[in-house]
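You will see two complexes here that share subunit A, one where it goes with subunit B and one where it goes with subunit C.
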Partner chain A sequence: MTLVGRIAYRTSMFVLAIAAIIGAWELYKLIGPQGGGKFFGVSILPRANNNAMPHVWDMFSRFGRPEVRGSDRKIWVVVLSGAWFSLRLSFVGFLLGSTVGVGLAVLMTRFRIVQRGLLPYLVMSQTVPLIALAPLVVSWGGKLEIGSFVWPRWLSASILGMFLAFFPIAVGTLRGLASAPSAAMELMESYAASWKQTLFKLRFPAAVPFMVPAFKLAASGAVVGVVVAEISTGLKGGIGRLIIEYAREATGDPAKVFTAVFGAAALGLTMSGIVAVSDLLLMRNRPKETTT
Partner chain B sequence: MKKQTLKMAFAGIAVMSLFVAACGGSSETVTQETTAPVTEETAAPVAECITPTPVKLQLQWFTQAQFAGYYAAQDQGFYADQCLDVTILEGGVDIAPHVVLANGEADFAISWVSKALAGREGGANIVNIAQIFQRSGTLQVSFKDKNITTPADFKGKTIGNWGWGNEFEIFAALTKAGLDPAKDVTLVQQQFDMAGLLAGDIDAAEAMTYNEYAQVLEAVNPATGALYTPADFNVISYEAEGVGMLQDAIWADGARLSDPAYVDIATKFVAASIQGWAFCRDNTSACRDIVVAKGSKLGASHQLWQINEINKLIWPAASGAGMIDAAAWDRTVALSLEAKNLEGGTVLTKAPDAEAHTNDIVTAALALLAGMGVDTNGAAYAPETVTLLEGGN
Partner chain C sequence: MSAVQVVGTSKIFNEGSAKQVDAIVEVNLTVESGEFVSLIGPSGCGKSTLLRLIANLLEPTQGVVSVNGKTAAQARLDQDYGMAFQQAGLFDWRTVGKNIELPLELKGWDKTKRAKRAEEMLHLVKLPEFAEMYPWQLSGGMQQRIAIARALAAHPPLLLMDEPFGALDEMTREYMQGELLRICAETSTTVVFVTHSIPEAVYLSNRVVVMSPRPGRIVEIIDVNLGAKRTEDTRAAEGFFRSITAVREALRGTHADHVAATAIRGVEDR
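Moving on to the complex of A and B:
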């Protein structure tokens, strides 16, 4: 299939999937119980009324109306600028996470003792709830002063993005670095290649297929971290803050909160899109059979 | 062969770091918007002001009319008149103002009294220096057909509450009505909206007069197609039930109160804040516009309603705004000691020491304001009638 054909196919499938979701939503609204379905007193079927599930067209038309009455800012402008703000924070978090993740993976590959000592703690670190960590990071950041560097509040959100991003990268890269075929390793040894040469010429190229999915996971992880941190610490300007601010108005304006949720979804898609595109660029010289 | 791949990667990293640099630069402007430059010049009571003292105020929640007085004082230059450069820090879901204050990351904090006293009992040396809200604004709202008109009617019902220390009055009312929170009622955690009440999941929902109660009045009644009206609901006011607990107060760092310079800053800060609240009492619409301009996402009619309801909690202030009323303080402490929660525990285990609150600073602040001709009693205050629009817009 040509590239253009593939893109056209992918796009049409994407549109089809969206249409199917919209159809399912509206169908459920049509036939679902207005007051929700209860089974032995436990609510199992969601309510289909307009408060809980606004019509799709209500949500989308909300994008075109002003955020609050009298304001000349349409809601799509607000959501877009919020998503852009969070995207930049997520990107910083993602880059920090990549650096830390790859760094740890290299360290763990180089020294087995580090791997055995560190890996359990890395796994454990991911069990700490993000909302418990968020106020702490903000608090530490507020106290930190290195020379003239003042910790900006947004950096705390990026750090939490990093916290979720580094783990899949560390584990994925570690696995990838170890995946170089032993015949190739022996060949490098026979060339008297240094560890560094082996790392860059053999191990990293071999690790790419493992790293790409890890980076994709990390990208969405960074978004989640940043959005949760924004909600938790009340950081202004981002999509997380919009979600909670609009959620307060869900009683009177239920469609509004969905506009922010769509913004967050678009943000996650953009982040993994960035990774997918760079994957395409990095992998284009790779022989096809090893990538699949 | 693989050289190109590596080159690509390095190029990518270079581009990314540029992106980050650009990112840092532009974000800076966003974080700095809270320190709005004060330009307005009014009759300055302070003789000379060369470098304003930086002061950080930590709020309990996002920008909204609940904190209008502080924003008005910032916007109208009342803080600048006192030679203060006030930065207002917004709260968040997980930000506890008294913790921020005790950690030294803010100079003053706004917090409810019972919550802050629980923090003080936990070791945070914080002191109430001005009781801005003289009355409690907590309600329990239910539909008329549920017939819940007193806390005693909570028996057997599903009662919504927010948790996080905002639920103490509910426990106080239950204890007073002789009900056991663990057995006689079903307590459920409530969201930030009132959807649970409207959907019937909650029989009686916790609501602030200035926020959530307005939210239900901004929602469309599917039965009539028009907005809900107060006639659709029974409202229990904890203040009227005699279990109201003191809410928004200005808290200071107790360790620094022995420093005369800090006391001086505190006095000026409290004075300018009260001046801000007096401004909001007399100029509700202007005050609403200040809050909206500070980036509140709530609609204009909702904000106006909120200012009006907040004014009712502050004014009239018989002994002067910010004065800590001994009876109300003692009631708050007594309820914090008596009211049993789900686990049978109480908010406080022992009465706070006398250092937990002081009227010295607010007395000095009121004297300062009297010299400037600011009305700090609002004896003639009369609330307005605000019409809410759909969605608060």
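Moving on to the complex of A and C:
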């Protein structure tokens, strides 16, 4: 398939998937129990009433109305600017995570002992709940000073994005760097290539098919990290803050919180979109069987 | 000056442990400049090990290996040899031209000089119009020709080949053998060639080195007198068959104490 054809195919599948989700939502509203349902005494089925599950059109029309009554700021403007704020933080987190992840992978490839010593801790780091970590990192805001650099509060959110982003990148890159065939390694050795030459001319190019899916995971990880940091610390300006604010109004204005949720989803899609485009560019000259 | 000199060389893996393998023991071999020498023997006779010792990809446990009058290590640093393997081993992410340029890049050649040499090499292997293609768009035989072009790009005086045509079909294989002889004659390259195939060894070589397994030893070195110029007619010549028989008997001899049926396992009789 050509590049344009592949993009068209992916886009149409995406639209189809959205339509299927909307259909399922409305179908459940139609047949689901209004007051929720219980299985063996445990309430498990969500309420299908308009307070818990607003109609899809209500949610979307909410975007066009003001954020608070009497205000002239439409809610889509607020959500969009919140998403833009969080996107920038996520992107910083993603970049930091990529640097740390790739750096660690190179270090672990170079020194077997580092790999053996470090890898278990990296795995363990991902078992720490983000919510437990968030207040700690955010408390650095305004307090931490490194020379003339004062730690801004938003950077803490990016750091938490980094925390989720670096791990898949470190692991994926590590596997990728090790994936160079031994015959190719032998060839580089026969040319008396230095370790650095082998790294950049063989190991990294060979790692690309492993790195691309890792970066995709990392992109959405960075968004989750930032949004969770915003929610758990109430950092102003981002989509996470909007989600908690709007959730408080859920009884009176149930559609409102969903606008912020959509904003967060759009944010995640934008991030993985950026990675998907770079994937297409990086893999365009590879054998097509190995592309995912 | 000899192209390759292997003196009293042994290679023992896992020395002293239960898994000790005497890959080759007390091997002496001299390859003169311009010669084509094949190493043949059953699987596990250490012919690839010997090739890797010459390439300095392995260090000998004992003995001395010199290439072009230098130590093998120095020869590797100076890129005095090119190498080709059974798998062409081209880099998927580089165009054919850039693949050929790889050794030159590592040597620090500038861009225009590299491109010029790559073009020359593509002409040498008769694939001049393929520079911008990617390796995976080429057939196996073409890929192997590109691998040879890459191995010879820096004009090394010595070419080391480890079953380079082992993965090719018979027709392509015979064609490639002819091409290899032409290329080596044009570039006056010395070749050490590892193979499983008796006819291939005989067709290509001035001398065939027959090796025995466990421990790997040279049992016999057979001179092939088929003249300098070999053509498709050579394959039907009487001398060709005589040499094949000589090599086969030498190989049988390596297994005097084995059951005949298992005698030449790993050696293709085609």
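One rule holds in what follows: the second predicted complex is superposed on the first by the 278 of 292 C-alpha atoms of A that agree within 3 Å, B and C clash if a C-alpha of one lies under 4 Å from a C-alpha of the other, contacts with A are read in each partner's own complex, and residues count from 1 in each chain.
Throughout what follows, a residue touches a chain if its C-beta (ideal position, glycine included) is under 8 Å from a C-beta of that chain, and two chains touch if they have at least 3 such contacts.
The structure presented is a predicted model; accordingly, all values stated were derived computationally and were not measured.
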Considering only touches as defined above, state whether A:T109 meets subunit B (first), subunit C (second), both or neither. neither
Is A:Y191 in contact with subunit B, with subunit C, with both, or with neither (first, second, both, neither)? second
Using the superposition on chain A described above, determine whether A:K201 touches subunit B (first), subunit C (second), both, or neither. both
Scan A:S220 for contacts with subunit B and subunit C and give back first, second, both or neither. neither
Contacts of A:N285 with subunit B and subunit C, given as first, second, both or neither: both
After superposing on the shared chain, does subunit C or subunit B touch more subunit A residues? B
Please indicate which partner A:A183 is in contact with in the superposed arrangement: first for subunit B, second for subunit C, both, or neither. second
Of the partners subunit B and subunit C, which touch A:I131 in the superposed model: first, second, both, neither? first
Doubly contacted subunit A residues - partners subunit C and subunit B: 201, 205, 208, 285-286
Given the complex with subunit C, which residues does subunit A contribute to the contact? 181, 183-184, 186-193, 197, 201-202, 205, 208, 285-287
Across the complex, what residues on subunit A touch subunit B? 35-36, 47, 49-52, 67-70, 85, 88-89, 91-92, 95, 131, 134-135, 138-139, 142-143, 152-154, 200-201, 205, 208, 231-237, 241-242, 244-254, 256, 278, 281-282, 285-286
Of all residues in subunit B, those that touch subunit A in their complex: 1-2, 4-6, 8-9, 12, 16-17, 19-20, 23-24, 26-28, 30-31, 33, 61-62, 90-96, 99-100, 103-105, 191-195, 198-200, 211-212, 215-216, 218-220, 222, 292, 295, 297-301, 389-393
Touching residues of subunit C toward subunit A in the complex: what are they? 55, 57, 76-77, 79, 81, 83, 85, 87, 89, 91-94, 102-103, 105-106, 134, 136
